[in-house]
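Have a look at these structures, which come just after this line.
Each of the two complexes below includes subunit A, the first together with subunit B, the second together with subunit C.
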Partner chain A sequence: MIEQGKISSLQMAIFMYPAIIATGVLLIPSITAVHAGRDMWISPIWGSFIGFATVYIAYKLHTQYPGKTVIQYSEDILGKLLGKMLGLIYLLFYLHITGIVLREYSEFILGIFFLHTPIIVILGSMILVGAFAVRGGVEVIARASQICTPIVVILLLSVFIFLSQDLEPRYILPIFEEGITPSLKGALTHQAWFSEFFLISFFLPFLADGEKSLKWSFISVVFVMLTFITANLSALFLFGDLTAKFLYPLMSAARYISIADFIEQLESLVMAIWVAGAFVKLSVFYYALSLGTAQWLNLSEYKSTVFPLGILLVVVAIWSGDNLTEVKETVGTLGPFYLTSLQTVLPLILLLFVLVKKKVQKGAKG
Partner chain B sequence: MSSSREPTSRLKPLFLLLMCCSLLLLSACWDRVEVNDIVFVLGAGLHETEDGMIELSIEMVLPQQEVGADAEADSELSTYVEAAEGRTIMDAIANLQQKVPRELFWGQMSTTIISESLAESGMQRAMDFLARHPGARLRKHIFITQEDPVEIFSTAPHLEQSASDTMKELARMQLGIEVDILELLKAMDEESIDIAVPLIETTPIGQGKNEKQDLQINGAAIIKQGHMTNTINMKATRGVLWLKDEVEETIVTISPEDVEGRLTMKMAQSSTSFTPEIHNGKWRLHIYAKSEDDIFENASHLDPGDPDTIAMLEQELAAEIKERMELALQIIQKDIQADVFHFGEIFRRHYPDQWKEAKLHWDEIYPEIEVNIEVETTVNRPGMTVEPIGIPKGEVEE
Partner chain C sequence: MLRHIKKLRLKSRMAKNKQQHLPRLTDEESAQTPLSSSLLHNEEALRTIYANCWDVVFRSFWIAQKERALLIYIEGLSHAEEINQNVLAPLMEATDLQITTIDDLTDKTISVAGTSKVHTYTDIVEHISLGEPVLMMNGHKAGLALGLENWEKRSIEEPEAEHVVRGPRDGFVEALQVNTASLRHRLKSPRLKMEALKVGDYTKTDVVLTFIEEIADKNLLEEARNRIKRIKIDSILESGDIEELIEDHPFSPFPQVLDTERTDVATSYLLEGHVVIIVDGSPSVLIAPTTFYSMMQSAEDYYQRFLIGTAVRWLRYIFLFIALLLPSLYVAILTYHHEMVPTQLMISIAAAREPIPFPALVEAFVMEIIFEVLREAGLRLPKQIGPAVSIVGGLIIGEAAVQAGIVSAPMVIVVALTGISSFAIPRYSAGIAIRMLRFPLLILAGGLGLLGVILGIIAIIVHLCALRSFGVPYLTPIAPMEFRDIKDVLIRAPKWKLTTRPRLSGKANTYRASPHQQPGPHRGRDSS
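Coming up: the complex of A and B.
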């Protein structure tokens, strides 16, 4: 096996949490608010169904082919040629998605703090840190996120707590003003983020305690859902119907915090959440990409793929859109279908195929 | 694996050297801001000139002087006022920057003043910029002035460090309305919501050659669907505060019938709650206000040590508060017909189905809403003395 490290299920749950919420918590509230309005806090609950389904599918596939990632078992399931093609689709997909993640990260930093810095510097510096983590292997990513995740959680909580005095819970009413449809429409964006849980299929083979993996993955999905609900609720309670007008509602909310004229201008907290969270998210995606590439090419180790892919990622990040509006448009309209079809629907088809094949083989034997 | 590592270890010194060289790059940070190169903007004023240009005036302070001013309380006025015109706000900022040798830093801004001319022609022109600018903060106080914002900033504050600070503190006293950018944005986003914004004006203080200009809040401007339409005086503003459930500290003076003299009470706590009702197509709103007060001044002949007197005072107080609210309702709901109190929101929360239809012709329904006001008051404590002081014992009414 080209990855020697072993991690625990808990560690996997810890890095999957920021891998989903890091970009989601900042970008989703305003996208959801456009469709769901005051029901925006219900959308993560609908979205999480996709999360649970994706985890379950990835886990089931893993139990059929233990010790193998999706790149490897797609060959076993579909045969050499079709399997390789599917593997290539996944690699290109993750290359694209990781590029978009990288771009989102940079756009936020450039748009709010570093107005004059060239984008290539921000992209390059982040991918360099990510590359070091990925070269360190799965254990390094797990431990780095054990440090980063608590920081992200504590800072997020402190933003919510500091905001509490300005929140107006009356905005929660009326619930289901236009029926259930708006909240379902809002959930489209959420389920795209939840489908990213399919990344666990790249990590399941390296778990030391595989029997707990399903439980911990589900717990991770639950926490992601709770975080999204809290983020959406605080945006809603602070901004009301105005949430949809803000690009990064949580950022604007953090800036609004003022306690006793002393604790104020807390955008640095959001910045810390963003950088720490985006780092974990990027490392996880980047690792899956590097490992998958090495497995697809049947290399003896994956480290040699890291830097070349890094350069490619920077390029993809720049290509992913001419400007922020275009990137946001891609994520908001294409994302829900693109991400879910590859990370939930396609694996589901694979799983059904395997189960049917097994049954047919069993029938032939008997 | 080990063979691939070997060249790395041989190149290690070179690698370290390269890493050290990369430190040099750190000095070329594109977005560094030196405190010597900036000037803090404390407040900004927006004004529309007669030929449709936007005049931006700012009050600014140099960073070092702000530190110095803290050290010496009696330091001289250290703020500067500058103004420039432009077609858009950003254009005006660019023109203003040409007059200021340091870069304007917006992060510390606390107040924004909008002149009557701009507010009347449309708040939208100012609001979008205030929300979009990356340095924008939503917790900035907004004022409207009927004068030129430059004059407001040019006043010489005698207690605070700057005119902007004075306004910030005045707003915080909550004797008048306090509105920040977020609240204004919310109001402008919803078609059915209007808003009252405090009016600021200059007022002379001191006499003879010591005469200076200072600031005061005097009533409020009513913004109706993005345009300023009317102003209301301070008396009506107090009623607005009650109806918005924003009263925190207020003083009520009552002069009960058949009693000589007046009593003044200070409110300790208050709350206002709203219960909407749609009955047979008739829209009704029940307002229930509760207030707890202490007696602060007794210039009457009443003895507040007597429970009956307190009960009578409570009734008088309730009537007075009700009158304040009714006055505000008469002016704003009936005359100006602006939904400053977010009645539409209240109905939307409780009657979402009826609201969907009603919001299309809300301007017809709103003035017709029947409002019932009920006030309950408690006079908690008579203050530090019981019987009125300075009145001969025989004259105190039992």
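Coming up: the complex of A and C.
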């Protein structure tokens, strides 16, 4: 096998958590607020259904073809030619998505902290660190995220706790003013993020305790959902209907924090969350992309694909939009359909195809 | 095509490598031959081997005025008085000796505890080099090596680099036998095993692989043994030489083998299933595998009350971060993120920095380098001059530089604090690694501000995650997580809670104490 390392289900759950929330927690609240308004905190619950479904589909496909990633078993399912084509589609898709992730990260850093730095420096420095981790293999990513994830969680919690004195819970009322529809509309964005759980199909083959993978993945989905609810609620309690006007509600919220007139201006805390989270997210995506490319090309090892793909990712990140507004527009409007159709619907079709094929074969034998 | 060319190049390189192989000592190969029964012939051969060796003594005499015998030893390496009393005197003064085999000598006449028979010239040379006089008799194809080695050793002292307030004061010394003896003295079980290996064509250094059978993992042992046996080199002068030849990641700044001069530390690691490698001639023994956290532990954590041990450990973790990050955070914040500093503080820092002509990065860099030079100079100088250097360098230059407006006072504080913090790391080798990593972080901070520092930290974390020491991930038990072992890393659990050995090194024998031993006022009565 290309990857020798083994990780545990818990480790996978730990790195999948920032892999979903890292960009989501900053960007989603304002996108959701546009559609869902006051009910934005319910949207993650609807969205998580897609998360559970995606995890289940990925797991089922994995049990049909243990030890193989989606790039490999799509060939088994659809035959050589169609399978390779599907694999290519997935690779291009993840190349694009990873590029967008990288761009979102850089735009945040540029917009808030480094107004005059060329974007290529921000992109390049991150991709370099990411490449360093990806070349280390799945074990290194898992271990690094075991250190980064608690940091992200603690910093995130501390922002929420510091904010608690400024929160106005009454902004939540009335709930379901216009029925269930607005929160469902808001959930469209969330489910796009939740569908990224399909990435576990690249990691399931490397689990040492595969039987626990479903449980831990579901736990990861639940925690992602809870984090999104908390982020949306704190944005709502702080800004009310204004949330939609902010680009990064959490960032703006962090600026409100002032404790004992000494701890002020906690943007740096948000930046630490953002960079550490984005690092885990990027390395998970980047790893899936490198591994998938190597498997698609039938290479004997994936490390040689890391740096070329890194350069490609920087280019894609620059191409993915002219500015942040455009990128955000793409993510907000196109994302829900683009991400879900490839990461949830297409795998579902694959799974149904496999199950039907197996049944037909069984029937033919019987 | 390309692959073909690569293969060809590889082949030619391999051929070259073969030629570059170390020239073996040819005169020794001829010495593999067994002894002859003629003493004259033996003496001649040995004299050619030891031609031009002033310190080798050939002492020929008659045993009981009948048999010719020859005693060879190296001046100063053997106990001359004992040779006279226990070997020469009884042999020469004896009147009726029945010698059929050379064993009769040891059985009846020679009163020396450790003797062994030698049959080849190589054996003889080996024993003589160890300081064991070799006795040969005419008409016998074997010689006797007598365990009378004796050379000047340093007495057992407290290790300079690992002081404790409470705890044993004995350390290892340069002599291998003293070191193994002090381990055996602490671990009286016969399960304590010691395997001797020889490394170095010229130095023939004894390397002893020490472990406790049933606790140490068999695969680890096999790996350690193989890594030592793989070494083909002319000399081993210090355990550091072995360390460099057996570690997993030679390019990493972090030490992947722990070294200690303390016997109690070595013993405690043996009990956790590690192997201890003792190298003759070096007072520091090697402990493998090791983790990042053992670099942050001191023996005394276990001798003080556990609450204090825990608190001290946390202090060290905090100071680890200060040592690594303080200068770069200072530079990053002053250069890019003024708004993070409370206004009052910012004003005073700005006032102090006002006359300084350099940017913060340059200032920090120069000061950090000066600090490193002072540390190095103070270390190498004779003990009487060392303090003078630190006073002149630290106090006078520091004070004058601030007054002259070349360096700002906050910078001096930052550098001094960083320096002190780096000394709070108990392992010298880990402290150096942390101090060296400060410099790339400083550059990142000057270039990219906090972002650079965060990226630098992530890169260091990724590197640490990729490291392994003899197969054990360097950051165990945090990453990968081993819940059971955190009790000895994040806290120092009390002795009655440390009931299990670390999983990755001691999985062969998990339990080390029976549970439920927590003492209390009522516990004494329980047993009755």
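Heads up, the rule we're going with is that the second predicted complex is superposed on the first by the 366 of 366 C-alpha atoms of A that agree within 3 Å, B and C clash if a C-alpha of one lies under 4 Å from a C-alpha of the other, contacts with A are read in each partner's own complex, and residues count from 1 in each chain.
Here is the rule we use: a residue touches a chain if its C-beta (ideal position, glycine included) is under 8 Å from a C-beta of that chain, and two chains touch if they have at least 3 such contacts.
It should be emphasised that the depicted structure is a prediction, and the values quoted were computed from it without experimental measurement.
Colleague: Between subunit B (first) and subunit C (second), which does A:113 come into contact with in this model arrangement: first, second, both, or neither?
Modeller: After superposition on chain A, A:113 lies in contact with both partners, subunit B and subunit C.
Colleague: Per the overlay, which chain contacts more subunit A residues, subunit B or subunit C?
Modeller: The partner with more contacted residues on subunit A is C.
Colleague: Touching A:272, do we find subunit B (first), subunit C (second), both, or neither?
Modeller: Once the two structures are laid over each other on A, A:272 reaches subunit C alone.
Colleague: In the superposed arrangement, does A:5 touch subunit B (first), subunit C (second), both or neither?
Modeller: After superposing on A, A:5 lies clear of both subunit B and subunit C.
Colleague: Look at A:144 in the shared chain and tell me whether it touches subunit B only, subunit C only, both, or neither; answer first, second, both or neither.
Modeller: second
Colleague: Between subunit B and subunit C, whom does A:173 touch in the aligned arrangement: first, second, both, or neither?
Modeller: first
Colleague: Report for A:256: first if it touches subunit B alone, second if subunit C alone, otherwise both or neither.
Modeller: Once the two structures are laid over each other on A, A:256 reaches subunit B alone.
Colleague: Taking the superposition on A as described, I'd like to know which of subunit B and subunit C A:129 touches: first, second, both or neither.
Modeller: second
Colleague: Quick check on my understanding: which residues of subunit A belong to both its subunit B contact set and its subunit C contact set?
Modeller: 113-114, 117, 121, 264-265
Colleague: Enumerate the contact residues on subunit A facing subunit B in the complex.
Modeller: 111-118, 121, 170, 173-174, 177, 238-242, 245, 252, 255-256, 258, 264-265, 301, 303
Colleague: What residues on subunit B touch subunit A, complex-wise?
Modeller: Checking each residue of subunit B against subunit A gives 1, 4, 29-31, 107, 131, 134, 137-139, 182, 185-186, 189-190, 348-350, 352, 356.
Colleague: Which of the residues in subunit C come into contact with subunit A in the complex?
Modeller: 336-337, 339-340, 342, 448-452, 454-455, 458-459, 461-463, 465-466, 473, 475, 478-481
Colleague: Which residues of subunit A touch subunit C in their complex?
Modeller: 7-8, 10-11, 109, 113-114, 117, 121-122, 125-126, 129, 132-133, 136-137, 139-140, 142-144, 146-148, 261-262, 264-265, 267-268, 271-272, 275-276, 279
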